[in-house]
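Order of writing sets the labels: A, B, C, D, E and F. Residues in every chain begin at 1.
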Amino acid sequence: MKTVFVSDLGSEQTITTFFLVHEKEIRNTREGKPYLRLELGDRSGTIEARMWDQFETAARDVNRDDFVKVQARVEIYRNKPQLSLQQLRLAKPEEIELADFLPHTKEDVGKLYAQLLGYAGSIANPWLKNLVTGIITEPGIAARYKRAPAAKVMHHAYLGGLIEHVVGLCGLAKQVVAHYPELDLDLLLTAAILHDVGKLDELCYDRAIAYTTEGQLLGHIMMEFETVSKAIDAIEGFPHALKTVVQHLLISHHGQYEFGSPKLPMIREAMVFHYLDDLDSKLAAVRAALTIESGEDEWSAYSGALGRRFLKLDEFLKEKIGEAAKAK
Amino acid sequence: MKTVFVSDLGSEQTITTFFLVHEKEIRNTREGKPYLRLELGDRSGTIEARMWDQFETAARDVNRDDFVKVQARVEIYRNKPQLSLQQLRLAKPEEIELADFLPHTKEDVGKLYAQLLGYAGSIANPWLKNLVTGIITEPGIAARYKRAPAAKVMHHAYLGGLIEHVVGLCGLAKQVVAHYPELDLDLLLTAAILHDVGKLDELCYDRAIAYTTEGQLLGHIMMEFETVSKAIDAIEGFPHALKTVVQHLLISHHGQYEFGSPKLPMIREAMVFHYLDDLDSKLAAVRAALTIESGEDEWSAYSGALGRRFLKLDEFLKEKIGEAAKAK
Amino acid sequence: MKTVFVSDLGSEQTITTFFLVHEKEIRNTREGKPYLRLELGDRSGTIEARMWDQFETAARDVNRDDFVKVQARVEIYRNKPQLSLQQLRLAKPEEIELADFLPHTKEDVGKLYAQLLGYAGSIANPWLKNLVTGIITEPGIAARYKRAPAAKVMHHAYLGGLIEHVVGLCGLAKQVVAHYPELDLDLLLTAAILHDVGKLDELCYDRAIAYTTEGQLLGHIMMEFETVSKAIDAIEGFPHALKTVVQHLLISHHGQYEFGSPKLPMIREAMVFHYLDDLDSKLAAVRAALTIESGEDEWSAYSGALGRRFLKLDEFLKEKIGEAAKAK
Amino acid sequence: MKTVFVSDLGSEQTITTFFLVHEKEIRNTREGKPYLRLELGDRSGTIEARMWDQFETAARDVNRDDFVKVQARVEIYRNKPQLSLQQLRLAKPEEIELADFLPHTKEDVGKLYAQLLGYAGSIANPWLKNLVTGIITEPGIAARYKRAPAAKVMHHAYLGGLIEHVVGLCGLAKQVVAHYPELDLDLLLTAAILHDVGKLDELCYDRAIAYTTEGQLLGHIMMEFETVSKAIDAIEGFPHALKTVVQHLLISHHGQYEFGSPKLPMIREAMVFHYLDDLDSKLAAVRAALTIESGEDEWSAYSGALGRRFLKLDEFLKEKIGEAAKAK
Amino acid sequence: MKTVFVSDLGSEQTITTFFLVHEKEIRNTREGKPYLRLELGDRSGTIEARMWDQFETAARDVNRDDFVKVQARVEIYRNKPQLSLQQLRLAKPEEIELADFLPHTKEDVGKLYAQLLGYAGSIANPWLKNLVTGIITEPGIAARYKRAPAAKVMHHAYLGGLIEHVVGLCGLAKQVVAHYPELDLDLLLTAAILHDVGKLDELCYDRAIAYTTEGQLLGHIMMEFETVSKAIDAIEGFPHALKTVVQHLLISHHGQYEFGSPKLPMIREAMVFHYLDDLDSKLAAVRAALTIESGEDEWSAYSGALGRRFLKLDEFLKEKIGEAAKAK
Amino acid sequence: MKTVFVSDLGSEQTITTFFLVHEKEIRNTREGKPYLRLELGDRSGTIEARMWDQFETAARDVNRDDFVKVQARVEIYRNKPQLSLQQLRLAKPEEIELADFLPHTKEDVGKLYAQLLGYAGSIANPWLKNLVTGIITEPGIAARYKRAPAAKVMHHAYLGGLIEHVVGLCGLAKQVVAHYPELDLDLLLTAAILHDVGKLDELCYDRAIAYTTEGQLLGHIMMEFETVSKAIDAIEGFPHALKTVVQHLLISHHGQYEFGSPKLPMIREAMVFHYLDDLDSKLAAVRAALTIESGEDEWSAYSGALGRRFLKLDEFLKEKIGEAAKAK
C-alpha cells in the first residue's frame, strides 16, 4: 500500500513507493547517451521520471501498464517535480492496492451497497422488488457494481462512482416523490438502480477507466436492456406490460435521441427520472469543476461536460450567504 | 354567479345563465333571412349560439369580449349541442364572477399565499428575506400575484397558476436541498419566488389569457429584471455582489439561449433552479395532457408543450403498480 | 370477395359489395330529421355514405372497424361520388378477404418467401445461416413476415411490403458486394433479413396499419434486438464476438441518432447496410410519389417522406432518354 | 512614454524601455542554476526575457500585471528575438502611458467624442435627445466611453474601439435613412449610441482587455438595459411606451436568441439597427483580418470571428478595379 | 381595362368587368340542381361566383387561367361578398390589361429603367460597365427585366418588383460606399444589377407568379451564373480573375449554404452585398406586413417571410416620434 | 527515380536520394552557432534534417517547394529518425519522378482511362454519349483527368484518385441499375463521369494537393457546371430539357445545401447518384482509415472524414467470417 502520492511531491526528497507505468521510452541525450524515460502515475496524478544508469534490465522487464516499485530522488525542474530513478523493479501483485492507482469515491462502498439493498427492499411491487434485488445481489454483478465508475469523463468518473450516483438518485427520488405524490416511487427506484447496469460492461476499470470494444459497439443502454430483459424472462409470471414499462424506462433515460436514447420518455416517471439523472450528473460535474485548482479567483476550472466555468460563489460574495444572517 | 357551464350541456333543455362573447356575426340563411350568430364561452369551454328573431337590439348593444345574460334552448346538432337564444342582454358587472369565465386553480389561493409568505419568511439571509418579502407584499403586486396564470398555454395556464407553480417550486427546493446540502436554500427560494414576477405584466388575464404588447416586446425575464433591480436599489446597503447573483438567477432561469435566457446558468444554484423550474412545468403539462379526454384508451391527448403523447400507465398495466403488492 | 372498389365508383349506378367502417355518426338534417352517416372504405380508398330511412337496427349493430355488406346507389355530389345506402348489415367473417381492405404488394408473397429462404440458405457462415434461417422459419414469425408492411407511411406501406423490401435489399446487397469484394456478403444478408423483424410487433396490420402501444414505447430496433439476441443465445456455441457484431448491425441501421439508432455504424458492413436500406426505402417513396395522381404535368405529388416533389422525367423530356438513341 | 516597441526588435541591440509583465517564473538550467524568466509585452506584441544574474531583488518585487522598466540586450534565438535582462525594476505610475500597452484606435478620440455629441444633439425627439445626451455626458460614463474597446476579440478590439464603432454606426444610419425615408433616424441614433453602453462595465481594459465577473454573469445587454432604464426613470414625464421601445431596441440588437438577445427585433428600426450593427462589426473584422500578415499571397489571415479567410482582392486582380478605368 | 376591382366590392350592386378564372367546378344544390361555381380574381384579390341558369355554353368554353367578361350582381353572404353571374364569356385579348390581374409596383417602370441605365453607366471599370450595360440592354432581357417580380412570396412579389429592388439596392450601395470608402462601388453595382437576373427565367409571371420547371431544377443563382458567364466570355479580353470575382459575387449572395449559396462570401464586397440585399428584402417584407389589414390595433399581419409580427410603432406611441419635437 | 523513402528509414545508415523541401529555417544552437534545419518529404511521409557545416551555399539556393538531392546519415533521436545532411543541392527536373512525391493510386491509370472510355461509349443516348466522350477526350482535360486526385483530404486523396473513383462509380451504377431497372443508366453514367470534372481546376496537385484560389471562390460544382454547359452549347441541336437535366444532376450531387449543393435532388436518378457517390466516397474513407497504423488492436485510426473510428472486424472476430464455414 502506498504512503507517498504524486500530489505530495512538492520538494526535493528521496522516496520509495509504487507507480503505474503510463509511458516508456528510451531516449538519447544530445551527446548521444541513452537513458530511460518513464511517465509514472497513481490516483493523484502523473510525473516524469528518468533513469540515467544501469536501466537496461529494468527497461527490458518493465512495460506500459505494469506496476513498479521505485526508489528515486525528487528534483524540481522548470518549477515542476520530476523523478531521478535510482532503483526500479516490477511490483508483486500482493504489494498493490488497486485503489491507490485509480481515483475512487470518498464514501464507504460497503455502506453504499447496504443502502442500495435497503432501497431495493423498499420497493412495494413484488415483481419489481424481486427483479431489482435479484440483479444487484447476483455475485457476478454485485462485486462490479461496487467498483464501477459512472463514466469515463463526464461525472462520477472514479471507482465506486456508479454506486454513489445510484444511491444518490434513490434518495433524490424519495424526496421528489414526497413532493409529487402522483409519481410512482417503485418505478423511479427501479429505474435508478438499473439504469446504468450496462456500464459494468461498457467500461473497463482495472487500471484506468476506458471503454471496452463491446461497450463502444453497443453502449450501456443496449447492454442493460439485454441484461434486464433476460432477468425478467427468468421470473415466472412477470407481467408482460410491466416488462415493457421497465424496458422503456431504461431506453429513454438519456431523454433525447442525440444522447443515444432510441425513444423519448413517454411515461411520466420516465420523464421525471431523466430529469433526476441529468440533475445529479450535472451537479456532480459542477462539484468536480469547483474542486480542481483553476488558477482563477472567482471562477472554477472549465468543465468540458458542461461547456462553461462556474462561479465560486463564496469567493465572489466574500462570505457565505447564510452567514450574513448571523452577522446582522 | 353561474350554475350552468358549457361542459354540462349534453342534452336538450332550457337554461338561463351568463357567458363571455368570443365571436359575433350577422349571417344570412340560404333564403336570405338574417340571423345573429355568436360564439359564447365560460371557463369550461365554448358553444355556438344562434338568435333567429328580434335580435336587432341585442346585436347592436353586445360586442366581442362582453359578458351577456342569455335565456336559451339547448339543441343537439351534428351530435354537438348548440344554443337557440330566446333572450339576450348585457350582464351587469355585479352579476359576473370572473372566475366563472377563466379556468382557475383548484387550490385555495389564500392558503397558497400564506405558504408563500412562510417560505419568504424562512429565508435566512436578511437582505434576500427583505427583498423577497417586500416584493410579494407590495399591494400593487400581491393582488396580481394571487391571480396571474403561469403561462398562456404551456403549463399552469389558469388563474392562480403562477402562485401554485411558485409554491410548488419552494416545496420542491426544500426537498432537493435536504438531499444536496451543498446547495444554498436561500438562493433557490429567492429564485422560485421572483423568477416569474415579470409575468404579472407580460400577460393580461382579465377575460382571457393573452400577452400584452409590452410583454411581447420585452418578455417577463426583462420585466422582472427591472422590477427586482429597482427593489434592490431601494434597499440601502444591499451588497452589490449579491445583487448580481440575484440578477443572474433571474436571467438564466430558462437555461438556454433559444428559450430567451441571455445567459446560461453559471452559478450552481442557477443551474439547479433551472432544472426544478423545468421539471415542475413539464410535469404540470403531462398532468394536463393526462386529464383531457384524448379519445384513446392507452394514450393521453397530444401535448403541444411536450411534443408527444404520454402513456396512461394504469390503463396499460390494468392495475396500479402499488396494488400488485397487496394482491400478492 | 369484392368485385367493386371505391376507386371504380365514378358514375351513378347501384352496387352490392363489402366495406370496412371507418367512421359512424348519427346526424340531423337542418329540419331535424336524423340520418346515419358512415365513412366506408376498402384498399383503394374511402367514400361517404348516408342512410336516410330504417337505419336504426343497422346503426345499433354496426360499429367502427366492422366489415359490412351494403346495397347502395352511387350519387355524384359536389363532383364527388357518395353512397345512398338502401341495405346495410354486418358481414360474416367468411365473406371477407382481408386483402381487399388493406393495400398489398403486387408481387407474389409465396415467391418472395422462397427467395428469402434462398438468400438465407446462401449464407456461408454456419452460425449466421443457422440464426437467420431459424428465425424466418419459426412458425410464429414466418406467417407475419409474409404479411407485415414495412412502415405505416414512409415506404412499402402495404401488406407484404416488408418482405418485398427485404428481398429487394438482399438482391441489392449481392450486386454491391460483386462491386466491392472487400465487403462480407454474409453480414449484409444477415442485416437485410433481420433488420426489420421488430416491425412484426411494432406495427399492427389487421384492418389498418398502425403502431401498437408496445411498438411506440420500444420501437422496432429494440424489439428485434431482443428477439435476435434471444435466438442467438439459444444456439449453443455461437461466438460471443459475432453476436456483438450482429447486434451492432441491428442497432446502427438507421445511421443517425435522430432516427433512433443508439449507435452510429462503426463496422464497414454496418455503414454500407445503412446506405442500402436508406436507398431502397427512399427509392420506394419516390416510386410511390410518382404513381399518385398529382394534378401537375411535370411534377409528382408531394412526398412527405422526402420533403419535396420529384420531376416526371419522361414528361419533361417528352420522350424516354433511351428512345432518343433509336430515333437518331 | 515608450519609444521602442516589441514589434521593432528585429536585430541585436541594447534597449532601455518599459513593459507589462504577462508571466513570471523561476526556472533552473539543466545544470541546476536558477534564472528568472519573464514574458513581457506592450501594445505591439510580447517577447521572452531571461535574467541570469542578480535577479533576486527584482524577482521579489515584480509580479504579473506590473509595469517594469528594463535595460536589456536583444538576442536572436531560433530566428526570434528575446531579451537578456541587465536591469529590471518596477516602473513608477507617472512613467507609464497606458496607450503604449493596449492597442488603441488610430483615430482622434476627442474628435470622435465631439462627433458623438453632435449626433446626440441632432436627435429631434426631445425625450430621446435628453436621454442620450444625459448618458454620454455623465462624468462617470464619458471618460470610459472614450476609452472602452468594442469587444475582447471579435471587432474593434482596442482602446477607443467602442466610440469608433458607435460614431461609425451613427454615420451609417444617416446614410441609410437618407435612402429609406420611412425609417426613424431618432430611434436609430438612440440605438447606436446606447446599444453597447453596457460594455463599459462588461469589459475591463486597464492593462489588457478582459471580461469582468459581473460582465460574464450578466452581459452588456442586461447591464445597459438597467443603466438606460434608470436614466429614463430619472426623466420626469418620459412616455412609458417610448421607454418600452428604447428597451426593445437594446435587448433585440443581437438579432437572434443564440447571440444573447432575449427577444427578436419586432420594430422596423430594431431590425434595421441589428443589420447595421452586424455589418459594421463584420466589416471591421474583415479589415482586421486583411491587415494581419497571413503568410499567403492571395488570402487574408483566418478570421475566427467570421470563420473563414478573405480574398486579397487587389493581389488577386493584380490591380485595383478602379485603375482599370484609367488604363483603358 | 378594368374599372372595378375585387377589393371595391363591399355592397350590393350590379357590375360589368373582367376577371381571371382561378377555379371552375360544376356543383349540385342539395336538391340536385346543377350550377356553375367559379373563383374569379384580379390583382386586388379573389371572389366566389355562382351562375345558376343557362351556364352550359359558358361552362364549356371557359377554363381555369382564362380571362372572362362578366355581368353580375354582388351579394353579401356570411358577411362576405359573392357574385351571382348573369352573363359570362371569354374576354378578347385586346380587352385585357395584364397589369389589372397581377399586382404591380406603384413606381414608374420607365423611370426605374432609366435610373438602372444611369447606375450601369456610372461604373468606372470599363469591363464591368461593358458587361452590365450589355446585359440589361439586350432586347430579350430588357423587356422582362422591367416586368419581373423579385420573388413569388417573400418580398417585392409583384410585377416590376425586381427592378424596384435592384434600383433600390444601387442607391443603397452608393450611400454605404460613401460611408465606407474602402469598398469598391463598381463591384457592388455589378452585383446589384446582375444578382437576380436569373429570376427572369426562374419565375413565370404571365398571369400569376410561379416557378418554371427549369427554375425549380436549377434556381436563379445557377441560371444567372450561366447567363453572366456567357456574356463575359463574349467580351474579348475580359480579365479572367475579374470574371471569377463576378462569378463569386453572384453565387455567394444568399450568404449561407442553406439558402442555396454554394459558397460563402469570401470577398469583402460579396459580404457587404449580401447584407444590403438581405436588408432591402427584409425591409420590403416588413413594409408589406404593415400594409396588410391585420385585425389588430398594435401589430402587423404575421409575416411568413420574417416569422413574426411587427409593431405598428405610431399606433403604439400614439404619435410619430418626430412630432413630439414640435409638441414640446 | 527514388529507391529510398522516408517510411523505410528505421535505423542508422547513410543514404543518397531526393526529397521535396517542406520547410527551411536557419537556427542557432544554444551556443549561438547557426545551422540549417529542413523538413524534407516524399509520398511516404516527412523527416527532419539538419546541416551543421558548410550549408551557406545550399541555404541560399534551396527554398520551400524545391526538389533536392541529399547525401545524409540517418540518426535516431528521441526514438525517431532524423537526417544529418552531408551534401545538399537542387535536383534537376529530369531526376524527379513526380509520383515519388505525391501519393498515387495503386491501379493502372491507363487501364482506368480505357475503362472510362468504354463506359462513355456504352451510353445509348447519342446526345449524352457525344457530350461525355467529347469532354473526356479533349486533350486539355484528358491528361489532367488521369492525374487529378478526388479530394484534398476526404477520400481518394492521391494522384489518379479521381479517375479511380469515377470508374468505380460507373461500375457500381451498372450493378444498381441491374437491380432497379426503372433507373436510367445513361443518366447515371453521365453523372458519374462529369460530376467531379470541376476538380481538375478546383485543386492543384503539382507537388502537393491543395485548393486553387479560383477553386476556393467557386468550388468544383460551379466550375463543372460552366464547363459542361459550354460543352453542351457547342453541340448543335442538344435538347434544351436534357441540358437542364444534366445541369441538375451536377448541381444536386452533394445532396444537401450544407455540402454546397444549391438544389436538392429532384430527379430520381439525381437522388440515386447522390447515394452512390456518397457511398463510394465514404467506403474509400473507411478503407483509408483501416489501412493506416492506428496503434490500437481492434480499432482503425480516427477518420476525420467520418467522425469516428471503425472496427477491425477480423481482429475482433479473430477469424474471417467466411472461414468459419470451412472450419465447421
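Quick note on the criterion: a residue touches a chain if its C-beta (ideal position, glycine included) is under 8 Å from a C-beta of that chain, and two chains touch if they have at least 3 such contacts.
Owing to the predicted nature of the structure, the values given are computational and were not obtained by experimental measurement.
Trainee: Which chains does subunit A share as contact partners with subunit F?
Mentor: C, D
Trainee: From subunit B, how many touching-chain steps at minimum until you land on subunit C?
Mentor: Minimum number of steps from subunit B to subunit C: 1.
Trainee: Between subunit C and subunit E, which partner chains are common?
Mentor: Chains in contact with subunit C as well as subunit E: B, F.
Trainee: Looking only at C-beta pairs that count as contacts, which pair of chains has more of them, B-E or D-E?
Mentor: Ranking B-E and D-E by C-beta contacts puts D-E first.
Trainee: With centres defined by CA atoms only, which chain is the most remote from subunit E?
Mentor: Chain A.
Trainee: Measuring centre to centre, with centres taken as mean CA positions, what chain is farthest from subunit C?
Mentor: That would be chain D.
Trainee: List the centre-to-centre spacing of subunit A and subunit E in whole Å, with centres computed as mean CA coordinates.
Mentor: Inter-chain centre distance comes to 63 Å.
Trainee: Between subunit C and subunit F, tell me the centre distance in angstrom, where each centre is the average of that chain's C-alpha atoms.
Mentor: 43
Trainee: Out of subunit D, which residues touch more than one other chain, so two or more?
Mentor: 216-217, 244-245, 266-267, 311, 316
Trainee: Mapping chain-to-chain touches, which pattern fits: line, ring, star, complete or other?
Mentor: Chain contacts: none of line, ring, star or complete; other.
Trainee: Which pairs of chains touch each other?
Mentor: Final set of chain pairs in contact is A-B, A-C, A-D, A-F, B-C, B-D, B-E, C-E, C-F, D-E, D-F, E-F.
Trainee: Which of the residues in subunit C end up touching subunit B in this complex?
Mentor: Residues in contact with subunit B: 25-28, 213, 216-217.
Trainee: Under the touch definition given earlier, write down the residues of subunit E that touch subunit B in their complex.
Mentor: 76-79, 298-299, 311, 316
Trainee: Subunit D touches which residues of subunit E in the complex?
Mentor: Residues in contact with subunit D: 124-128, 168, 171-172, 175-176, 178-180, 182, 184, 186-187, 239, 241-242, 244-245, 264, 266-269, 271-272, 275, 278-279, 282-283, 286-287, 290, 308-311, 313, 316-318, 321-322, 324-325, 328.
Trainee: Could you please specify the touching residues of subunit C with respect to subunit A in the complex?
Mentor: 214, 216-219, 221-222, 225-226, 229, 244-245, 247-248, 251, 257-263, 266-267
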